[in-house]
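Notes follow once the structure below has been shown.
Chain nomenclature is as follows: A, B, C, D, E and F, assigned in order of appearance, with residue numbering initiated at 1 for each chain independently.
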Amino acid sequence: MAHKFITEIEPAETINDIYLVRDPILRSTTKGDLYIAMFLCDRTGQLNGRMWQASEMVYKSLPKPGFVHVKGRSELYQNNLQIVVNTITPIDPSKVTVEDFLPRTTGDVAQMFAEVKQIVGEIGNASLKALMGAFLSDKEMMDNFCSAPGGMKLHHGCIGGLLEHTHNMLRVARAILPLYPHVQGDLVLAGVFLHDMGKTEELSYDMAFSYTDSGQLIGHINKTLLMIHRKADALRAEGVEINPEVLDALGHIILAHHGQYEFGSPKLPATAEAFMVYYIDDLDAKMNQVNAAIEGEVSDANWTAFQGPLQTRLYRKRIE
Amino acid sequence: MAHKFITEIEPAETINDIYLVRDPILRSTTKGDLYIAMFLCDRTGQLNGRMWQASEMVYKSLPKPGFVHVKGRSELYQNNLQIVVNTITPIDPSKVTVEDFLPRTTGDVAQMFAEVKQIVGEIGNASLKALMGAFLSDKEMMDNFCSAPGGMKLHHGCIGGLLEHTHNMLRVARAILPLYPHVQGDLVLAGVFLHDMGKTEELSYDMAFSYTDSGQLIGHINKTLLMIHRKADALRAEGVEINPEVLDALGHIILAHHGQYEFGSPKLPATAEAFMVYYIDDLDAKMNQVNAAIEGEVSDANWTAFQGPLQTRLYRKRIE
Amino acid sequence: MAHKFITEIEPAETINDIYLVRDPILRSTTKGDLYIAMFLCDRTGQLNGRMWQASEMVYKSLPKPGFVHVKGRSELYQNNLQIVVNTITPIDPSKVTVEDFLPRTTGDVAQMFAEVKQIVGEIGNASLKALMGAFLSDKEMMDNFCSAPGGMKLHHGCIGGLLEHTHNMLRVARAILPLYPHVQGDLVLAGVFLHDMGKTEELSYDMAFSYTDSGQLIGHINKTLLMIHRKADALRAEGVEINPEVLDALGHIILAHHGQYEFGSPKLPATAEAFMVYYIDDLDAKMNQVNAAIEGEVSDANWTAFQGPLQTRLYRKRIE
Amino acid sequence: MAHKFITEIEPAETINDIYLVRDPILRSTTKGDLYIAMFLCDRTGQLNGRMWQASEMVYKSLPKPGFVHVKGRSELYQNNLQIVVNTITPIDPSKVTVEDFLPRTTGDVAQMFAEVKQIVGEIGNASLKALMGAFLSDKEMMDNFCSAPGGMKLHHGCIGGLLEHTHNMLRVARAILPLYPHVQGDLVLAGVFLHDMGKTEELSYDMAFSYTDSGQLIGHINKTLLMIHRKADALRAEGVEINPEVLDALGHIILAHHGQYEFGSPKLPATAEAFMVYYIDDLDAKMNQVNAAIEGEVSDANWTAFQGPLQTRLYRKRIE
Amino acid sequence: MAHKFITEIEPAETINDIYLVRDPILRSTTKGDLYIAMFLCDRTGQLNGRMWQASEMVYKSLPKPGFVHVKGRSELYQNNLQIVVNTITPIDPSKVTVEDFLPRTTGDVAQMFAEVKQIVGEIGNASLKALMGAFLSDKEMMDNFCSAPGGMKLHHGCIGGLLEHTHNMLRVARAILPLYPHVQGDLVLAGVFLHDMGKTEELSYDMAFSYTDSGQLIGHINKTLLMIHRKADALRAEGVEINPEVLDALGHIILAHHGQYEFGSPKLPATAEAFMVYYIDDLDAKMNQVNAAIEGEVSDANWTAFQGPLQTRLYRKRIE
Amino acid sequence: MAHKFITEIEPAETINDIYLVRDPILRSTTKGDLYIAMFLCDRTGQLNGRMWQASEMVYKSLPKPGFVHVKGRSELYQNNLQIVVNTITPIDPSKVTVEDFLPRTTGDVAQMFAEVKQIVGEIGNASLKALMGAFLSDKEMMDNFCSAPGGMKLHHGCIGGLLEHTHNMLRVARAILPLYPHVQGDLVLAGVFLHDMGKTEELSYDMAFSYTDSGQLIGHINKTLLMIHRKADALRAEGVEINPEVLDALGHIILAHHGQYEFGSPKLPATAEAFMVYYIDDLDAKMNQVNAAIEGEVSDANWTAFQGPLQTRLYRKRIE
């Protein structure tokens, strides 16, 4: 049976489907009865859920968060749709169609990651080479790198999105570096590879996309800088020499890659390499964002809806 | 004898050299004597010139503007250096070392233009193909395209700079288009080729770089749009069909290629192609600007001077 | 029978009235039944329409867009009102009360246009006189000029609004020009007359107000510049001399008349005439906008609702 | 003998002329000798002055500020021109050609003020009529109103400039009010008349233009509001009824007449009348500023120098 | 019986409770029947109310605004909840639980005001001492000062909020003044005490929080300045000398205490005292705003909802 | 003999004094003679120095940078003062009056640091206590903390300035924390103590104030975050537990303490503690900056010169 998506639910429907439960709370009404308030979600959105006449046992049985089978009914409450839950049962994640909850890149993850490794492998500078090796050989981090989304909303917001974005940026970098011979390619490739690595810690993406507490307090830019220094410290502890000037030039690329203060970069680009990573990142993100907006709307109209972050509608018609 | 550059002149020097005279004016002193006020220039800057005890005949003999042989002396006046002119004689431009007055691209103009024609020649869309042909076969316009600077100051500010910039942008476009298969390459290539064509009318660059009156009032973005429509009107008068939707999609790229209102674009990018041309333009300009700043300063310091338009100093040291 | 306006429709009403249908699409449900999705509109707004059990024949009979007689019923769906259509029949536009679909200026169009011609007729400069003549004798363009709205939303958003706005601006210009004797009145009057002429191409206003594709890609400012040059080219082809400096001074007024980059002007005002046209345009637009906001709300309150574009509420009470 | 203007003085000239002395200070050198540091000014600028071997008697004789006869010599000191003073003697202001120190409106002050009174006299609203009478009958304030400059630098920076500016604004208001019948003319005329009245207290303009301490701390906008309330309080004390709502509507015009927060207006325009006064003020100021820039430069060039506050050069050439 | 709060009402409920009625209007339907439109409010929000089959007599009986007992029923109309009123009867304010309509500070008003008086009493400068005395002895103004809210929404939005905010700022000022010995404490304390006094006139807070007409046109900053000058004028009329320089220094603190033009300050801080009052005000407001956001949401989540004015969500979890 | 300060040197003076030499370069003239270009500095500024007829031996003897005894003469060259060096001899730093080269706090360093330790010692949270201990027991870092300036220019720009600023901020925090009982004092005190610790690495201040390469590429905000994590890693390696949530809350304070993106903070304050540290930092910096501007100018005028960063002149006169 096809999953009933959150955005497809209308008032007064019978509900009998699997959803992700988040933030369940056990409360008591003014009369003293216990009830559970919760959010029920899938990849299209979330609704409030209310289970009246609940018990502490049911509450304790719930994953926080996790997948559950819900039976109940939708209703309008104060002009907002909510789900009145009759029964709620935890479901083993292995029985869930993950794609109903998290969109996934259409690219081939293994092939993309292989090409990433190959391009990064071309780096010659000794300090950078050692550093890249430390990242590439960190199995857990690379698994996260291959799973994390590229962002929450604007672009590459899917499982594998970070890899897809980084992979394409590396290909762009390799394509244009020969046209700018004064630019230090090793720095650009290393900067592109690592530029958003901190997103693996900033975002949570096992059941739904959200920010981690630590990610929201510190941000992926600074987390990436910390990762680089931690890897360098570990290499030095093993006796591998890492040139501090190389580390600063690379760190500067990370800190400056949003290009402007108002986009959260604490430093403005001050090297050709930092400028190049900033432009490649912005270009690849915008190409993905524009394409997603044009392809994402079911419409025959020549124009998409207004795109807030771009401050314009997008023109969809192709030339002939 | 080597040319004495304007920025090399110190107070109380004897002057005996060729300069460009601009804006000469014949005036009379309070005592009734005639004198000529003028600017004397070369590619490094300009100084006020004053010829006392001048005559109307001398004034009439001067090119306005043009090259002159000046004999005189430098002096400080109100803390500003000026040249007191004893004799001033028009010089035939053919006898002038043009490079003393206008910097020139270090690239090979013929080869760059040949490659531009070749890349633009790959465009397949019928309307764009006809339009590109009309531009490429306009001998006078192409001569200007090969001579004009890319800008007054920030980037590619040299004879042949517009060609150098456009040529490199076309190479970047061709390198990355395969990585963005949904982007319409014909539009991008046509947009890159024409994006700054109006600079041939906006700027004056026969003896020194300056804005034309018309260029300053109308701007190169709008001049380019007028050029495109004039070419299309002429083709239509000859019976060649030009799809108006193609014209609008191309015109939009031109209008939006500065990317933001505050940089003089009257339209924000609303197509993938407009975004791509904007990013390639900005990337190529910044790479040139950063490199020029780093190479342009005679200094062993690790940092350049503060770069106003970039709001930072630039780091010059290369990694090891 | 009075028209039931879109904003007056409540849930669960019987619908039997004429509306404008836009963007109808034929789709099939998951079960394979055909249905038509569409927008139903009048001058007060639009609603989603759904015709279930539709046929390709009905779909083909629909104007896209155009007027239709709709029978059906309103209902709430996911908290949004929509119309379930039972029958839908094309209606001849001649049978439609146009005012139900497009608001119309309360001014006397013939009289306003006569006064526009009279004031513009006072222009003495030969080039401008010839150019104004070319516009005024273009019957189709003048018909559009008398019908087009002054804008989509903010001010003069009604049939005839462009004429009403231009007419009043010309009267303001004529009233204050004697107080600024150094300002070139011919340029100001020509600039005012033409300043928004491109809106006749930027906007569509036969059945509802919207942007044309071309208008949204190019914008009315640049369309006006193209119109002026096309008229000048045609005059020159007929042997009429048009001073290019006059054309540039006029073109500059058009390009600069929004006064600031962020309002879509690619040039900042650089002549007294460009400043004057900018101020008269802004003043007349704001007077219309403020008055419309104050008169437009049915309320006895001393203050209007918050006006987003003005960043304030407006005070309605008059002094005694 | 013609006055030697500050900007005309070159190094190593003999000085023997009248200047305005400001901020004289008596100091002692490291050796213990007394000297006087001071500024010497006229309407073209100011220079540092130094009188070595000064005495306390000379210092005490100096007006602070005031006119003095200076004998001495100009010299360069650390690249700045200064005047070494040999003798310095106070001069009676009556013996000074005031125009050497303060530029003066070219308009006819008596005639302008008469017309101001006549236009303001047309106000019919009782509260405003009484209030206007209180201002017009305040002899000292009206004398200041006829003398004060319109501003320090940008526009109407001359003795009588405030009157000239207000007078022309009143004529503009009267010319366009009939075209906006819903606008309350009485409020507009009163608002225009008083809009900058606080400049009579904000600025000092007896010997040179400067800000008063109080003016710089409080500003002319707020000073004007205080003046209006003080006049209203006085009228009420005499038994004249002043409608507080009228006072607020008028006060709002004053507070909002710079139109935007960043130009020092603590309130944004919220009435048609406040918008109109803002536009008339800005229009008249810009017309004066543009004309002054175009006429003020001695140049045959088509363009003025770059105008910082306008962010552009101005085009000077007139059409033919 | 507990009050049914506006935000607790669901569709199709029976209403039988006390609310505040605002802006009632008597209108007639198209059929000619009379009805009353009104707003019904309490401290949690407001809803539209409609009384069909109303009479002029009922309309005249209504307070405008005031408390009423309403019987009727809630219903959805065009997706908005409204109350259909069957009977509506004025209620004496003395019978109303005021806390249902206006939140109230949790602090002890008498104690806070006593401490305010004590701290302000430490001011030694004669002019300021006299001025403070004039304010403190104005019984009506001090009653208002103890009742007024600190603001409409962002911070201290409760009865007594202005006192609570001012009281805490005075304590902060007293705590840090010893650490900045060059700052003139008398000016800071006087500035803090009076900084928002104009809110007593800007806001209306007898039955609900709203802006007065006068408050919205003039603003509390300018109203405070007028209050200070009126008090000073009165003292001078009684023969008490008030140093005008002290008045300007104090007035400057008031005008500059929002710190930036865009927050409605017509002057930027130009004294150490003005800076200090600005910082203390901003600190105390933000501490209140942050705490209210964190405490105000019923949630166990680590983060609050997005806070528009702060452009971030707030982190609620405490460290261990 | 008193040091001749750079800003006191006039043209054509004999120079015989100690200066700091920076960036000396050995070059050859067009004739082939060797010369040395260099900067000569003290705490008041720097001048170009030129030693003609130099030798490689002299060049090699120079510290780069370091203190030297210079004999020579000042002269004007292209309107800039420069020093023509006859002899230049390295000087042992111990023989230099350091105060001539670096301004120094007027506070008592030992006493301030003792009080810092005492206040920081009051922190009770275990993780923070351990972390503070690790910083306080790092002898080299604490020496730097006691020497570093608070900034390059705006505030506390002197040896010991960072300590002075941090010390005063801690005192302010301690004074106001009791007034905000919901704020977690441990976090505020730790945040204040460490907020600018990265300046010890960002700035160089042994002979003159400048940015280090690393400091300019990475910035003190990010350097501080790296320091904190390095200390925490070291503690954990020793078996001390550091709560990662405490680390994130502290790191957030550091990242957000500039309060706004445009001031280089990559995160906006999202906790009460982050807001408080931001306000205390800004207050203390501004108090120092305002006082320095008012005290720093030798002038009897009521107003300082225009202060660019504050966008105003400052009023110096004290009330009576």
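In this text, contacts are C-beta pairs under 8 Å (C-beta built on N, C-alpha and C of every residue); 3 or more make two chains touch, one makes a residue touch a chain.
Chains and their UniProt names: A, B, C, D, E, F = HD domain-containing protein.
Note that the structure is a prediction, hence the values are computed from the model and not measured.
Student: Would the interface of chain C with chain D count as same or different, where same needs over half of all numbers used to appear in both copies?
Tutor: The interface is built from the same residue numbers on each side, given that over half of them are used by both copies.
Student: When the C-alpha atoms of chain C and chain F are each averaged to a single point, how far apart are the two points in Å?
Tutor: Each chain reduced to its C-alpha mean, chain C and chain F end up 59 Å apart.
Student: Please compute the C-alpha centroid of chain A, do the same for chain E, then give the distance between them in whole Å.
Tutor: The computed centroid separation for chain A versus chain E comes out at 43 Å.
Student: Please compute the C-alpha centroid of chain A, do the same for chain F, then give the distance between them in whole Å.
Tutor: Here chain A and chain F have centroids separated by 40 Å.
Student: Going by the contact rule already set, what residues in chain B reach two or more other chains?
Tutor: Those would be 76, 79, 213, 216-217, 245, 249, 252, 270, 313, 315, 317.
Student: Would you please name all pairs of chains that touch?
Tutor: Pairwise, the chains that meet the contact rule are A-B, A-C, A-E, A-F, B-C, B-D, B-F, C-D, C-E, D-E, D-F, E-F.
Student: Which residues of chain E touch chain D in the complex?
Tutor: Residues of chain E touching chain D: 213-214, 216-219, 221-222, 225-226, 229-230, 233, 244-245, 248-249, 251-252, 255, 261-267, 270.
Student: So in the complex, which bits of chain B are touching chain F?
Tutor: Touch list, chain B to chain F: 10-11, 76, 79, 81, 300-303, 313, 315, 317.
Student: Give every residue of chain D touching chain C within the complex, in rising order.
Tutor: 125, 127-128, 168, 171-172, 175-176, 179-180, 182-184, 186-187, 243, 245-246, 249, 252, 268-272, 275-276, 279, 282-283, 286-287, 290-291, 294-295, 310-315, 317-320
Student: Going by the contact rule at the top, pick out the chain B residues touching chain D in the complex.
Tutor: Going through chain B, the ones touching chain D are 23, 25, 76-79, 213, 216-217.
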